[in-house]
Structures are given as structure tokens and as C-alpha cells.
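Structures follow.
Shared between the two complexes below is chain A, which pairs with chain B and chain C, respectively.
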Partner chain A sequence: MGDYYRQPVVFLFDNPNLGINLANVFLVTVAMAIVFFVLFFMSRTIKMYPTGAQNVLEFFIQFIKNVISSTMDWKQGKHFVILGCTIILYVFVSNMMGIPFEMAAKTDEGLKYVWWKSPTSEPILTLSLAAMVIIMTHVYGLKLKGPKEYGKDYFRPVFFLFPFKIIEDFSNTLTLGMRLYGNVYAKEVLMVMLVGLGTSGVLWGIFAFAPLVVWQVFGTFIGGLQAFIFCMLTMVYMSHKVNEEH
Partner chain B sequence: MEFLAVAIVASFAAIAGAFGVAIVVRSVVQGIARQPEMRGPIQLLLFIGAPLVEAVPILAIVIAFMLYGSL
Partner chain C sequence: MDALFGTHLTWLDAVYQILGFLVLMWLLKRFALGPIMEMMEKREQHVADQISSAEKNRKDAEKYLAEQREAIQQARIEAKEIVENTKKMSEQQAEEIIKNAKIEADRRIDAAIAQINQEKEQAISALREQVSTLSVLVASKVIERELNEQEQEKLIQETLREVGEEL
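Then we have the complex of A and B:
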């Protein structure tokens, strides 16, 4: 994308450090709306003997429960079912948004502004999602184990691991966010390149059609896998903080 | 010249990621072939281990993207 496509950034109080990407705000709102309304209308008719949409939802909740119980005790894990559902659905929908098409608006000066893409192809968004997850692990560590056990955990199993445990928190945030960003952004870059190739001539259009379809299928696969890995790693980091050592 | 730098960073990240994940997956396949009843726990370790191995190549590819974006 480089400098060819621009981001619609506005600056608060004309301060160059307070830039807000309007496309991100718009796309995050759309992703939240999709997740909320799909689940809202799927869960309106809850019956004793499930049919249709309720079956899908129950299968999905069971899947999240399996993910959680493979990493921690159910005694602590029961708090995180809704967190896991929220994270996996939000990341999955965000990854899928850029797959069918991308949109850019052209202004009178000939500048192109991107308005529709995967919101997770922005590092600011994935890193803030990762930071939220890591802060949440600390909050639940304090809440479920108490401040004393939480503090002691930094000196287990031996005291000189303390600096590494501090570093671990920061590197976890960085890799958790950057993994999602790297995968989704690579997908978007190659997709934009293939579309650019396909629209440069009739012959290229025929040539680029098949790779584009293959890449879209692969992008769907990557999007689902990354959403699952994000949820799984959230639960793994959570289990490091809330599991009781023996 | 700058494009060459981006290409070198991206290609080394690809090589490192491919070899790292290949080692992990090979061990997982061997483990499941040896003890098929341990499939569940081994697959869990795969899903935790492969991202951990992939983390550093991903950082390299992100640096490549940032260089590419600033050209």
C-alpha cells in the first residue's frame, strides 16, 4: 500500500501526536455491530430442545469451553467463557472484513483514502487488543488469587527469575499483537497487489483471477486460525496468572 | 537499495519461520505416530509452540513492512 493509499487521519487540537484514524473508528464500530447483532438475533429464542441457531451457539460455547479447560482448571476457567467468545468472534469478524472487497475513496486532489479493510491490519488496533488482554490477566490474577499470592508469583520457582517475568509481560504484549497484525497485513498487501495486477490489462486480469481466489480462500483460513490462536494464547497467559501452583 | 533491504529482511524471516515451524510440526507428527492416544495434549502443545516459534520471524516481517511503508 505504501504512500499510494492514505489513511484518513485527523489530529486532535492540531497536535501531531494525537492522530485518530477515522477508518479504524468506523471499522471497529462495524465489527462490533456485526458481532453484537448476529449473536443478539441468534439467541432470542432459547428453548429446552435446541434447534437451528441455538445448536450453532451451543456448539460454539462448547468449543470455547474445551479451549479453556485444556489450559486451566474449570474452577478458575468458568470466569473466562464469555471473554473467550468475545475475543474469538471479534477477531474473526475483523479478519474476515477485508476478504470479499476493499474500498478506497478518491478526493478531488487525486488522493486515495482507504475506508474499508480488515481493522486488524492496523498495528495500533492489534497492540491495544493485546495490551487489554495482558492487563486483564493481571486484574484476574489479583482478583482470583489475592494480592499476596499474585506478588509471590513473580518470585516462583526461584527468586532471580523476577526480571524475566517483568520482561515476559511486555514481550507477550508485543508478540500477541504483532502476530495478528503481521498475518492480516501480509494478506491485505498481497491481495491489493493481485487486484492491482488484475486491473492493469485484460490478459493480466485472466492471469490474476485464479491466484486471487486461492489467496482469498487461504486468507479465510489464516483469519480463522489467527482468531483461534489469539483466543488460545489469551487463555494460556491467563492460566499463567490465575492457576494455583502446587 | 532500500527495496533490497526489505527483501532481505522478509526472505530471512520467511526462511526462519518455515524452518522453525517445520521442526515443531515434525516433532508433533512423530509424537502422535508414536502415541496416538496423546493426540489431544500434543496438538495443544503444537498450537502453543508454533506461535511462540513464529513470534520472532513475525517481528522481522513487521519491521520489513515498516521499512516498506516508509519508502
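Then we have the complex of A and C:
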């Protein structure tokens, strides 16, 4: 387990507070590039009468629209289609990246740096994504309802719920991020262990192959489900902030 | 903390990811999802337009049909009127023709009768002359004996009367 945590960290200006994990940067960039290029090339020919890739994308957008509609009015919901699409695609691609293989490199000091895995198995990344979502809910709450209504929301339905509303923001961030991290990290750990077991001997290889395949299938399922849940919860939290409940 | 976040809390990763995410959102909006959503909206609008225009066309067609129906009804009534008028006129004409024919016929009959009577008169008078000369001739030839003037005259008159009555 200790090896698994070795990370290629560099410090900007030799400042210990400005550490950057190059593996994380690389993985985030790759995930975003995959999302962007897949969608970019799928949307090159946009026609009034859709064919092929355009159909798929339109079906996907409609799916996100349904997710949004199930949590809030379309009047507010129409602002969040792009956000929902980007979140679900980014999280899904991130979850999938660790399924087919993992890569690690040995350094001169004999440390193993993990260069390829699911970026969502890094708590810093899932938590920061969750924090970004929660901050976005506040921004849109202020933008769509105005500061007065937004402020009043902290004292609804009764005033003494105010501290709980504050706690809720932090707990939401934590649960949103940790749920994703926990699922994907567990998937990765078990997969690394299965692969380690399978490569330890011929007999183990035969025994471990079937569970590994099953676990990869399950990992795919978990990855898709967690991406959907992340997107769904984003919309739920968003609806708490922007919906006019009277 | 070390167990969860590794050896260092590399919070710049988080900043990088959030910035990257916002850029990704913008890129997708600009190059992929935005145009498609625009097209979806356009299509929705197009479909709505088509439906409303179809509705309008249907209403127009219905109105047109009603107009046509009324026009046909009107035409039928007019045709009926024309036929009736024609029938009436033809009947009138026929009556006129028959009346004219009758008058003509009467006139012709009258003329013929008049002519016949005239001819008859002429014939009678001609005959009378002929008969008188003939009878004188016949009488003088047949009765070659001498008769007195009175008896002769009497005989002639008798004969003539008889002939006249016969005519």
C-alpha cells in the first residue's frame, strides 16, 4: 500500500506550500482532452435532420435535461445543461481511465510513481470538484434569486436551522467528494490487488483471471453509476439554492 | 492527512482541475454542446412552425371547401332556374307557334272558302251562260219544228231553272 501513494510531486519556487502532483495534472488533462475531443469530433456535422453521432449527443443532452427537470423548474434548469453534461462526462471518463490498466514508473531512488489510474481515485481531486460544485450552487443561487432571497433561504423554513444550513454546505461537499473517491479508490485497490495476485504465479493467474474480469465489469458499472449520481446530486444541491419554494 | 492526501497536500492540483474544468465547460459550449443545443432548439421551433402552418392550411382548406360547397349549391339553384325558365319559354313559344299556325290555318281556310265560293259563282255564271246558249242551240237543233215564241221562251226558262236548281 505504501508504494501506491508515491507521487511525483514538484514544488514551485522550492516552496513546500506550492506542491504540484504531476501525475494528477497529467491525468486531469488527459481526461479533459478525451472528453473534449470525443465530443468535438462527434459534433462536426450538425444538421437539421440528425444522423449518427449527432443523434447520440442529442439523446445524451436530452438525458441530462431529464435529470435536471426531475429536480427543478426548467426556468432555472436551462442554465445547467452544459454544467451537467460536462460533469457527468468528465467524471465518467475519469472513472473509466483506471479500468483497462494502471501504469507506474520506477525512479532512480526505487520509488514507484503511479502515472496512470482514475483521477477520481485522488481525494484532492474529487473533493475539489465537489467544492467547486457547491460554490457554483451558491453563485447561481445569488445570481438567479438575488442576494435578498438567497440570504433569506438560510432562515427557512425556521430561523434556528441557520447553523445546520451552514454545516450542510460543508457536509455536502464532503459527502459528494468522498462518495466518488471511496467508490473509485476501492475499485482501484481491489483491482491492483487482483492483478498483483494474478501475476504472482501461473496458478494464481488462472484463478485470479475470472474475478478480475468480473471486477472490471463491476468497476465499469460503478464508474457509470457514480458519474450519474455525482451529476444528479449536483442538480439536487443546485435546485436547493435556485428553486423558489413558497 | 498523509494517509488521505499522500505525502503533501498538493492543492495546486485542485486549482488546476477547477480551472481546467471551467475551460472544458467553455470549450464544450463553444464547439460541441452549444451548436447541438442550438440546433435542437431550432428544430423544436421548426416543428412548432410546421404544426401551426399545417393547422392554418387545414383551416384554409376547410374554409375553401365550404366556399366551394356553397358555390356548387348556388350553381345548382341557378341551373335549375335556367332549365325552368327555358322550359317555360319553350312552352310559351310552342303555344305561340301553335296559335300562329291556327290563325294562319284559319286564314287560309277562310281564303280558300272565299276563293271556292268565288270560283263557284264564276263557274255558275259561266255555266249559266253556256247552258243558255247551249240549250238554245240544243233546243233549236233538237226541236226543229216550229214553235211559237211564247212556248219557246217558256221551255227555255223551264230548262234553265231545272239546270240552275241542279247546280
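Methods note: the second predicted complex is superposed on the first by the 241 of 246 C-alpha atoms of A that agree within 3 Å, B and C clash if a C-alpha of one lies under 4 Å from a C-alpha of the other, contacts with A are read in each partner's own complex, and residues count from 1 in each chain.
To be clear about the criterion, contacts are C-beta pairs under 8 Å (C-beta built on N, C-alpha and C of every residue); 3 or more make two chains touch, one makes a residue touch a chain.
The structure displayed is predicted, hence computed values, not measured ones.
Q: Pick one for A:P123: touches chain B only (first), chain C only (second), both, or neither.
A: both
Q: Who touches more of chain A, chain B or chain C?
A: If we count touched residues of chain A for both partners, the winner is C.
Q: Looking at the overlay, does A:Q216 come into contact with chain B only (first), chain C only (second), both, or neither?
A: Touch status of A:Q216: no partner.
Q: Name the contact category of A:N24: first (chain B only), second (chain C only), both, or neither.
A: second
Q: Contact-wise, after the overlay, does A:L174 reach chain B, chain C, both or neither (first, second, both, neither)?
A: Only chain B; A:L174 stays clear of chain C.
Q: Going by the contact rule set out at the top, does A:S70 touch chain B (first), chain C (second), both, or neither?
A: first
Q: State whether A:Y185 touches chain B only (first), chain C only (second), both chains, or neither.
A: The first partner, chain B, only.
Q: Where does A:I229 make contact in the superposed view: on chain B (first), on chain C (second), on both, or on neither?
A: Once the two structures are laid over each other on A, A:I229 reaches chain B alone.
Q: So chain A touches chain B in one structure and chain C in the other; where do those two contact lists coincide?
A: 123
Q: Which residues, counting only chain C, touch chain A once they are in their complex?
A: 4-18, 20-21, 23-25, 27-29, 31-37, 39-40, 42-43, 46
Q: Looking at the complex, which residues from chain B come into contact with chain A?
A: 40-41, 44, 47-48, 51, 54-55, 58-59, 61-62, 65, 68-69, 71
Q: Considering the complex alone, what residue numbers of chain A touch chain C?
A: Interface residues on the chain A side: 5-7, 9, 12, 16, 18-21, 24-25, 28-29, 32, 35-36, 39-40, 42-43, 46-48, 50, 54, 57-58, 61, 81-83, 85-86, 90, 119, 122-125, 127-129, 131-132.
Q: With touch defined as at the start, can you tell me which chain A residues reach chain B in the complex?
A: 1-3, 70-71, 123, 174-175, 178-179, 181-183, 185-186, 189, 228-229, 232-233, 236
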